[in-house]
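Next come the structures, one after another.
The following pair of complexes shares a single chain, chain A, combined with chain B in the former and chain C in the latter.
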Partner chain A sequence: MSTQLALAGNPNCGKTALFNALTGGRQKVGNYPGVTVEKKEGTRVAPNGEVIRILDLPGTYSLDAKTPDEEIARDVLLGRVESVERPDIILAVADATALERNLGLVLELKALDRPMVLALNMMDLARARGAEIDLDILSRELGVPVIPTVAVKGEGVDSLIERALKLARVPDVDTPEWVTPTPDDVRNRFHQVDAILKKAVRIAARPLVWSEKIDRVVVHPVWGSLILLVVLAVVFQAIFTWATIPSDLIKDGVEGFGTKVGGWLSEGPLRSLLVDGVIKGVGSVLVFMPQILILFFFILMLEDSGYMARAAFLMDRVMGKVGLHGRAFIPLLSSVACAIPGIMATRTIENKRDRLTTILVAPLMTCSARLPVYALLIAAFFPNTPVFGPLRAQGLVMFGLYLAGIVATLVMAWVFKHTLLKGAKPPLLMELPSYKMPAWRNVLYGIRDRAWVVIARAGTVILTITILLWFLASYPKAPIGATEPPINYSYAGRMGHTIEPLIKPLGFDWRIGIAFVPAFAAREVMVSALATVYAVEGKDENSTTEALSEILRKNWTMATALSLMVYFILSMQCLSTLAVTRRETNSWRWPAFMLFYMTTLAYTASFVTYHAAIWAGLG
Partner chain B sequence: MNVQDGIAYLIVAIAAGITLRHFYRKYVKGLLANFLLQRGKVKLAMRIRNGKPKDDRCH
Partner chain C sequence: MRTKLGELEKGMTGVIVKTDGPIEIRRRLLEMGFLEGSSVELVHVAPFGGDPIAVRIRGSLLALRRSEANFIEVDQVKAPAGESK
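Our next item is the complex of A and B:
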């Protein structure tokens, strides 16, 4: 069996950057068995040709775990997690600019009596802030080898691995018991850290005066909130502006490919399946990949630079007013990518009522699967006219939709915390990491992973559902002498017409009704389903090559588009979210309640929006 | 039924199979295994749950 290394350290010590530098981003993400804590595993080929497995453990301040993430980090190190081997070597990671805080965990790790190397990370920042650390003394005092590293630049990574592999292995005799430290133990550890620092640190890193100066503005209740609004507006503007060229290229590629495939085959069902179903349907989702990647680019940049923690700090004031726990920010922020990791991340909230409130409102945050639907409707119904400076109408509408999701989340949290799930709000204690230049490697790996998710989804769930939808929209064929469009005789057509009376008050027709059903599997399927339905329904050649946004502009009113946007902000249009809610709450009651309240809310708001828009002359 | 019809039906049948398998593995398997476990059918439940733990995100 190959050697397994585990990276352990405080949050924000550069552990993930070191993991990326060690593995080159070749990693596998999964869950630890029995729990929904993310497991990141990668490999590296050692100079002797051995393939080493590297595990990135969740960040923790102490082995005396308080949350499931921290419990997993401790249990893996103790070899207590089923089907996860106890690591052969511990790679402890400490932030060289904050040794006082980081060494407590290093001492706890040392006490586990496993082979261990300490990576003293962010050494460049420590040196730049005037720190002088005697590595030999530090190593002697800790009793472990100490290797200076700058993970974001890949410095010291080879020496770290080389030194780690030289350590003698300790055979696993049995699984050690974990003894919770007493207050005296904790005090003694702090004293020990002080004593080590007195000997090993000749000059401590200067405090970051400029970082504090920036924070005086960035976390200021008024200026900070204004900056946050501007940052978000710029992000959503960039989603439209930057994505134009790559989106157009993908669109042209998809259309060209469709025309080519259409030319190879004679008129018939296979041609229709490939051109109207597969290429048109899957292509219509792929077109929005640049928008999703640009959104993630900004999220990763803001996270890596340290700004996201400030945004969390600012949002805590607002969240506190509606009764949400400060720890709810990370689950809600994760829900911008996907509600599922967001709901899973609520496990860090100890209070059951606070956790349930966060779970119930997390799907209201705008997830990336909604982005293609929004982008399609905005491109179809809103002109890209300049509004103020570089800000344009389309970007502002997108910003408004995301903001509406946040407002809905906060309002519903307030409702739950004042009715069903009453309870006091505990204070938030969080670390604000120092500002730094985002590491390009981390950002690029993050974008690459997201691109893969989009492509994999397009090639699996969206592809298969599109094929099935094409079949349902094409069969049974229209009888000879039929007067109506063939799709009206199909299974999907009949299903759409059955649903229509229910959704007509919202301004939706049977075609939207058809698209709603498969969109339950994945929200963005709404786009591919509409593309397929309109392509199958299209009688002339133009309608199959026309862009979906143009088709919608011709067939829908602004009132319908606004109503659908509102419906998508509020509705529970995701089977996976319901499944994960069931698992996390261990009951069917809460997912059923979630489905009921979100559908009722979406239906009512959509109804009001549609009729208000008609009244305003947009119908 | 001509060749085009035949190939189209085959593709649709494969897509239906994949979708059903995906649906079963993602939503039915866990529930079924739990149901069997509660009724003491441990061996059968374990056989159903033999898959490796997977990443739960929507991809």
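Our next item is the complex of A and C:
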């Protein structure tokens, strides 16, 4: 087998930037067997032509692991992970501007007694801050070769590899069982660090003045909160405005492609399957890609610049009120665009219970797929009368629906943290790294990896289910001389009738029941499904929605509309979210539970809403 | 003056005298650099009640809650400017 290198280091030491510089994008992202820890692997061609494999281990402050990520980092280094070869050479990475802390892990890695090179990263920043480090003394004292690097600029990368490959290989003998260090072991380790630094560092890096100045404003209790609000406003404005153009393009493209494919084929089941099933189904996922990618762009920029940790710091108290970690704030906020990136962003939450709670409640935040449904119902049932100043009734109802989603999220988080996922509040010990310009490579590769997850995982499941739903909505065919729309005769139609007794108490008839069948895969499909059920035909989307509003106003009571709104706030009608939850929790149990609790919650709340509305005379 | 890190106010500096607490937390605090003899400065406090706090220690800026910070005993070396205690 070819040589295997593993990058190990503290979080925020530039390890991923170094990995990107080393592999130049020849990377593969997967999962470690049996856990949801991301496995990042890449290759590089060495000067002698050998293809070496490089593994980017999760960042960790010590080998005494507290999270699954840290556990993997340790176990890979110890050769304990099934199907992962023990690395031949350890590439330790340390932030040259924070050696006092970074060298603690380096000493721990050294004690593993494997071939090792230390990359002293961010050397440019350290020098700019006046640091004078004697690399020879440092290397001698540590007992490992030390190579200065500037990962974001690719400096020192060649010499690092060259030096690493020169190391003598040691056979992979069984190392003695790794023992958890005692607090005194940790103390001794850092005393050793201090002794080494005393010899090797003539002048330590000055504090980064501009970063501290920024922080005086950015984490200021008042200004910091205001800035956070502005940042969020900008991000969401961008998601909802920038994304419309590519989303519309994709939508038109998919429709155009569907029409084209439809033109090639003759009328029949194959055409229907491809056009109405496959292309429409895949299109329904693709339409959300611009939003998801723009959101990830911002998340990665904020993360890479160092701002994200500040946001978590500012929000920790508020999130703590419902038992969540400050870091849960960003995933929940991302869920306003779409729960999929939100759930994927929970990976930064160390504590397993906290992470699970955040995953479970994330789909309660009002995602953009609910918007078309809300827009339809609001247009149909609420007049757009001015209420106060620029505020209008329709806008207020929309705001209320968003607010209801937030309240539901926080309440359920509190409930889960006090029942099912009860546990001691994990400590918050979080580094606020110095600000830096985001590295374009980190951001770009990050977006690419996440886009791939959405397309590959959610895409395959969505595709399968949409084909199934297409079948249910298309067969059996309507009898000759049928008076109603064909869908009413299909399996979906029958299902609508079958579940009618079940949904009648919520004020929903069989027509809504039919629309529920395809809307189970994706909420926004509800609008087109209702249009199909009521046989509404329009030239384009806008005229269809308008005509549909008209019909709903005539056919439904206000109580039914309110009940349906409440149902959409709370229910789980998104296969992609279930698929991502399955991936992120590595079990079917949690998506199943998510589906169960959200459906129960939605059913109960809709029931109460419907009957309260009837009681209030809105029936 | 001997006090706890969690009881410092913004701008105060101290030298760590003892890092204590349940073993898991103690080890974690030590790994992050809360080492006896290191000096520590409380630089930021969060909104809504001044908790969590951010401290400068061993060249890094670390955020932690006051409840955990109270496992760390410090000798306070300087009161914030314009304040006397």
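Here is the rule we go by: the second predicted complex is superposed on the first by the 375 of 619 C-alpha atoms of A that agree within 3 Å, B and C clash if a C-alpha of one lies under 4 Å from a C-alpha of the other, contacts with A are read in each partner's own complex, and residues count from 1 in each chain.
The criterion applied here is as follows: a residue touches a chain if its C-beta (ideal position, glycine included) is under 8 Å from a C-beta of that chain, and two chains touch if they have at least 3 such contacts.
None of these values were measured; they are calculated from a predicted model.
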Touched partner set for A:Val318, first chain B, second chain C, both or neither | second
With both complexes superposed on chain A, which partner does A:Arg101 reach: first (chain B), second (chain C), both or neither? second
Checklist entry - For A:Pro183, is the partner it touches chain B (first), chain C (second), both, or none of the two (neither)? => result second
First (chain B), second (chain C), both or neither: which does A:Cys574 touch? first
*After superposition on the shared chain, which partner residues are touched by A:Ile340: those of chain B (first), chain C (second), both, or neither?*
first
* So, does A:Pro269 touch the first partner chain B, the second partner chain C, both, or neither? -> first
Using the touch definition from the top, say if A:Val219 reaches chain B (first), chain C (second), both or neither. second
Intersected contact list for chain A, partners chain B and chain C none
Chain A partner, complex, touching residues on chain B are 2, 4-5, 7-8, 11-12, 15-16, 18-19, 22, 26-27, 30, 52-59
So, in the complex, the side of chain A touching chain B is made of residues 29-34, 36, 38, 265-266, 268-273, 338, 340-341, 344, 369, 453, 456-457, 460-461, 463-465, 467-468, 470-471, 522, 574-576, 579-580, 583
Within the complex, chain C is touched by chain A residues 61-62, 64, 66, 97-101, 104, 181-183, 186-187, 190-191, 204-205, 207, 212, 215, 219-222, 224-225, 309, 312-314, 316-318, 326, 427-434
Interface with chain A, chain C side, in the complex: residues 19, 23-33, 35-36, 43-52, 54, 56, 58-65, 68
